[in-house]
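Chains: A, B, C and D, in written order; residue numbering restarts at 1 for each.
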Amino acid sequence: MKAASSLSQTEPEASLEDRFRATRQLSEALVAPLSDADATIQSMPDTSPAKWHLAHTTWFLETFLLRDHLAGYTRYDDRWPFLFNSYYESEGARHARAARGMLSRPSLDEVLAWRSHVNEAITPLLGRPDLTSLIELGIQHEQQHQELLLTDIKHALWSNPLGFAYLDGGEGRTVRLSASPEWHEHPGGIARIGHEGPGFAYDNEGPAHRVLLEPFALAGGLVTTRAWDEFIADGGYRAAKLWLSDGWAWVQRENISAPLYWRDGEHFILSGWRERDPDAPVTHISYYEADAFATWAGLRLPTEFEWEAIGRGHSAAEGNQLDEAASVEPDGSDSLFGGCWQWTRSAYLPYPRFRPVSGAVGEYNGKFMSGQFVLKGASCATPRGHSRATYRNFFYPHQRWQFTGLRLAKDL
Amino acid sequence: MKAASSLSQTEPEASLEDRFRATRQLSEALVAPLSDADATIQSMPDTSPAKWHLAHTTWFLETFLLRDHLAGYTRYDDRWPFLFNSYYESEGARHARAARGMLSRPSLDEVLAWRSHVNEAITPLLGRPDLTSLIELGIQHEQQHQELLLTDIKHALWSNPLGFAYLDGGEGRTVRLSASPEWHEHPGGIARIGHEGPGFAYDNEGPAHRVLLEPFALAGGLVTTRAWDEFIADGGYRAAKLWLSDGWAWVQRENISAPLYWRDGEHFILSGWRERDPDAPVTHISYYEADAFATWAGLRLPTEFEWEAIGRGHSAAEGNQLDEAASVEPDGSDSLFGGCWQWTRSAYLPYPRFRPVSGAVGEYNGKFMSGQFVLKGASCATPRGHSRATYRNFFYPHQRWQFTGLRLAKDL
Amino acid sequence: MKAASSLSQTEPEASLEDRFRATRQLSEALVAPLSDADATIQSMPDTSPAKWHLAHTTWFLETFLLRDHLAGYTRYDDRWPFLFNSYYESEGARHARAARGMLSRPSLDEVLAWRSHVNEAITPLLGRPDLTSLIELGIQHEQQHQELLLTDIKHALWSNPLGFAYLDGGEGRTVRLSASPEWHEHPGGIARIGHEGPGFAYDNEGPAHRVLLEPFALAGGLVTTRAWDEFIADGGYRAAKLWLSDGWAWVQRENISAPLYWRDGEHFILSGWRERDPDAPVTHISYYEADAFATWAGLRLPTEFEWEAIGRGHSAAEGNQLDEAASVEPDGSDSLFGGCWQWTRSAYLPYPRFRPVSGAVGEYNGKFMSGQFVLKGASCATPRGHSRATYRNFFYPHQRWQFTGLRLAKDL
Amino acid sequence: MKAASSLSQTEPEASLEDRFRATRQLSEALVAPLSDADATIQSMPDTSPAKWHLAHTTWFLETFLLRDHLAGYTRYDDRWPFLFNSYYESEGARHARAARGMLSRPSLDEVLAWRSHVNEAITPLLGRPDLTSLIELGIQHEQQHQELLLTDIKHALWSNPLGFAYLDGGEGRTVRLSASPEWHEHPGGIARIGHEGPGFAYDNEGPAHRVLLEPFALAGGLVTTRAWDEFIADGGYRAAKLWLSDGWAWVQRENISAPLYWRDGEHFILSGWRERDPDAPVTHISYYEADAFATWAGLRLPTEFEWEAIGRGHSAAEGNQLDEAASVEPDGSDSLFGGCWQWTRSAYLPYPRFRPVSGAVGEYNGKFMSGQFVLKGASCATPRGHSRATYRNFFYPHQRWQFTGLRLAKDL
């Protein structure tokens, strides 16, 4: 199997059409190592089959661009919207999320053919100025699903006792930066938060507004697997007093004693079972684990506002991200963005004066604003150009199949 | 049955000892209408038997005051801490929460005898200056359980198809204030949040700090049952687009179509099944319902900071609270505090520089800081003197057996 | 607490009215040691509160005798049939079985008052020849519930970590017979099975018919706790090959490693936690355990027909049964009937030409004929006179809160 | 897609080797219409992926023939026994049954290559007289899985909302025999039951023994879909009094209102969604439904002994069975065996003097003898030659994804 490493992804400054084409191609390159069966199975209700991601992103374009804006377009197959709508209530009934793994048909090849059809049919719309933001949303939406596709296929392959690899080789990049001993200090005061100005952003990144910060410092490096091994050795998973109450209940109920994908000195990565690198960032941890670790370390998680205040001075492009898929799985890069998504202690809630946009597309972000926490940064599986300091990723506190890690903070 | 209405509760300015005695007495008065069996049953895992509340508050005093500070004290019964510890991991193993209703023994009378014993034994400690804050915590802790005792027994009696009343009569207070058409406006800017200065507060109310507010307005009145009936009539419970995603899943899964305790034109109150008063505040709603209603109304819930900024100018003593238990169940009083706890859109999270106090008592609040939302105000079942503008009550977004309602807000 | 030991129960040859009165009195004597709270709680869905048994047997009489046959009778309380109907679909909707423990009202005293009322009101019917069989059914029905009341209260008291005793003293009878080394042999051939002739029997005991038996032998004694300890010591609960597939799944899922109510060298009996007697019959085992033990011993369970063929020559009255409640909990008596119900390898199915009787009373037995196994004999908690060789008790193979044990068989 | 219709299956009198080869070939022909993904998915815990059936039957041969009897044989892949052992405890740990659908690797092609390898390697053993019965068991075992493969793939394809067909065309055989109005009468008396003499039989079909029958009659035809429509129209699924207690609970809990695979006037068959034929036998019903129907009709189900007593005079070869896969799905054939498996009212229990054979192969049948009911006959998906009058198929009373139907009986 050989992944998308030779794919030359265009730069953000490329034209909208070029970026659209490159994004669509990248999705297809990502499934190249997969068989029809690999792309069909679903290993838990949180994940979706790879084939489903390919189809859902296509449904999104066919629905909100072709159907709504291309006169005379007829659906490629009338029966498929029922299968590939994710959660848009306003788009009608849909297949149960937990049963996505039952769809052995349409096959991977049929879905790829549908993609080609839509890619072709959409051509006349790509130059229309009134559709620029919708096309941009289509690109961004597909990029999100590229990351999910990778985390979901990782989980699926790990669920097979034989532990098949998604990628050959997997030696990854040899560059390894030691974890920075430095802290990013901030004097506190009023900070500007949220997206403003040109460039794409999701609705949940605005409106831009001010928040008041106390003086704090943000760690220069991510927590490493070496530090995590110390936490385990010190009984971290057995010490109730380190944990949030819900977290402790989760540890007990699920028998948690290590990050997801760990066994003995190994972890399962997209290249299969490999020895762990003590200097690489720990990943695949839940919010509960991140919070317990911070308590154990006598420190804390940052808020999303603290992270953003520091992050504004850094470039998201520093990360080792998905344009070189051979390096998927984080190494020890010290970029603020690189390696993994970083849990913050901020609940995912609306910013002041937030209003969802109207129409089905408005279901995009706002309706998930309860029970989840914000993550900042980006991961090794995030497509290049898909993150920024204002980006708000969000997951439930028990979830850990994403590339999730942590960066500590402290009061000054 | 006749409740605690004639109990003369002492004023906040009374001595610590007097307030301690009055609080202990009020708990006992609250169970006067209950049989041994009423006080034993548990109608869902969220609730506890009335007898258990009486015993747990006594365990709290016996453990953190008598055992820790009275030389030579021996436990009344060595086997009972296992039964009546709630969630203090550092105090050792304990009976499963969901099995509290299995404890037909010790009987209500035996628990009351234990209470007398502890009330007596504690006398020498009540004057010790070094224990003032611990005794105050004992009082406040017991007051919290008084409210829970009432909400839990309400749920237990409602679970009986025959719908027995906790209180006779129940005509309540005849005073009824119309819902205020006015809004409390706030110009925005930096506000001081959190407890400071003298007087008791829980650890989660501090440290005091500043937040930045945008201009907003807070409704003068609570949402009434009349307004809620309109929401229902307009299909509020069937319109997915009004709901948070988790809320909609909850509505579907639990077949929710009205507040808890409603049937036809009636609701179940502590005096039994009664016709609903259209001018009374709606209560027993979840966060999900509160949020959906606000969306339907084109408005929103306040943040906890907005509520507190307005609430600082109001006296908690205005509410129709538990010192007159005959009036339990809210009428239409317009006090900011009165009637019911009010959902805010703020997740329950630590304030900047928050640190739990050390020792078992430190498990009090901090470990619950994930997944819950803050409620402000007080309810008809809150003991007089137990609330204040900085008070942070918290529950999960699906819970609604407390006296929970809502007060709307809007941007200016 | 003092139980029903001084109650002089009338003999089977007593008049119907005397037997009716004595049966009703025995039920009340059995709850004498219980508080209102003890009688209210329900420790698992399989069991019912003691108070519920008292009420349900009274509902049975009020419905099928007073309502149906006493002109002008009006219900004691119209709301109670909803609470105390067990499973008679034809009698309308009813309270959920798993929620019987929510009924703190009516109180034990109120239920006892209802019993007195019904006992009085029924007097004119007790001499009516047309009602003889219905009254007899009322007696038998109540006797069944007496046994359930005892097994259910045992489970409820055991569920309390403090392990309260139902009975004082509990030294029981001192008589102890050694386990008989003899076998009851049977030459095989055609045997007569099922009830015929005078005397009460349930519908499921007929029609009488013939079956063909192979030569076999039935053990003279019940399996003892000493033998069971050997089974455990030999790894019986960890050897998959001894178990039925469903049984092994149950052992794994429920972490089963001993009979119910065992801990270390003790077991919980109605007199509380006591040392186990190695010569007493093992009780509180599931069918799965009985079958695995028999496999381990190189023998097998008898069929219900084999048991009955031997049992016809024995008197049920030999057992140490419920007329002396102080002796509840089996000793080592060798009576074929005594000590405990004995699992057979016969599924509980209809006899040839079986037809349920018509009307609500016909729901009595027939509708349970799937998934359960037949038990023969009687237990220490069976009222005297309530068993006979044709009696077919039945439970699901995983259930073991009844006084269930085993008697081995072998082929000749 | 084109199925196995042209496959010429050899006759029972063919040589063991020929029958072995033909059986292996038929399995492969059955998956010819399936994609890798179709063969990978698992639509419920009761079913297994088609690929898994292919692999498991191969594991069976590799383990009990090649490993145990071919000197020097080394496993094709050491890691696969963990994946493809079904339930043989003595063969060690194994993959969880409910997670069989996670195995996207090995692929269908890899499994087919393994099959070829084993088919080749086994050649020297096929002529060894000491292995005849083990090879015969291998054939019979694979035939059982052929039927399961078809019922499982039917369920999987039905789980896809698009309802893909396994077979093209599907007009099936045009022959249709009207349901016979005649009854097979039996005078009662002693009947010989169980397998004896030459020819293969499973251990659970013996030992042969005698049973005593009452006079009875067995219906000449199977119950048809027309009759079932009348049952539905008469409120059969809503009348509690027709149902066993467990059955009624199942109907309520699962919202059952028709046989599996029915919608409006159609049913899902291996050729996709088709109009129902009123004269075809009803299939895909549970024991509970069969029993309720019989009660509604004023008749009953036969015992397994009654069925066998009649069935001994009929040839299993009359059925429309799997050698012509194009006719899969029953038509109205009146053969005693044909069309579908027929529920009996006999629990699946050991015959007198039954002993499982020793070794792993002894786990074959005996350990399932609790909680299930016996079915007699054969279905349209049963390989030709795989049934006989003594055959005992067995399933739990709620299961209905097999081709299950019913034939009524009555007392004479």
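Please note the rule applied: a residue touches a chain if its C-beta (ideal position, glycine included) is under 8 Å from a C-beta of that chain, and two chains touch if they have at least 3 such contacts.
Here is each chain with its UniProt name: A, B, C, D = Ergothioneine biosynthesis protein EgtB.
Please read all numbers here as calculations on a predicted model, not as lab measurements.
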*Just how many steps, at minimum, does a route from chain A to chain C need if it may pass only between touching chains?*
2
*Please compute the C-alpha centroid of chain B, do the same for chain C, then give the distance between them in whole Å.*
46
*Would you kindly tell me how far, in whole Å, the mean C-alpha position of chain D lies from that of chain B?*
59
*asked:* Suppose each chain is reduced to the average of its Cα coordinates; what separation in Å results between chain A and chain B?
replied: 39
*Can you list the chain C residues in contact with two or more other chains?*
none
*asked:* Which label fits the chain touch graph of this model best, line, ring, star, complete or other?
replied: ring
*For the complex, which residues does chain D have touching chain A?*
35-41, 43, 79, 82-83, 95, 99, 101-108, 156-157, 159-162, 164
_Contact set on chain B toward chain A in their complex_ = 87, 89-90, 190, 209-212, 214, 240-241, 243-248, 287-288, 291, 345-347, 349-350, 352-353, 363, 367-371, 373, 397, 411
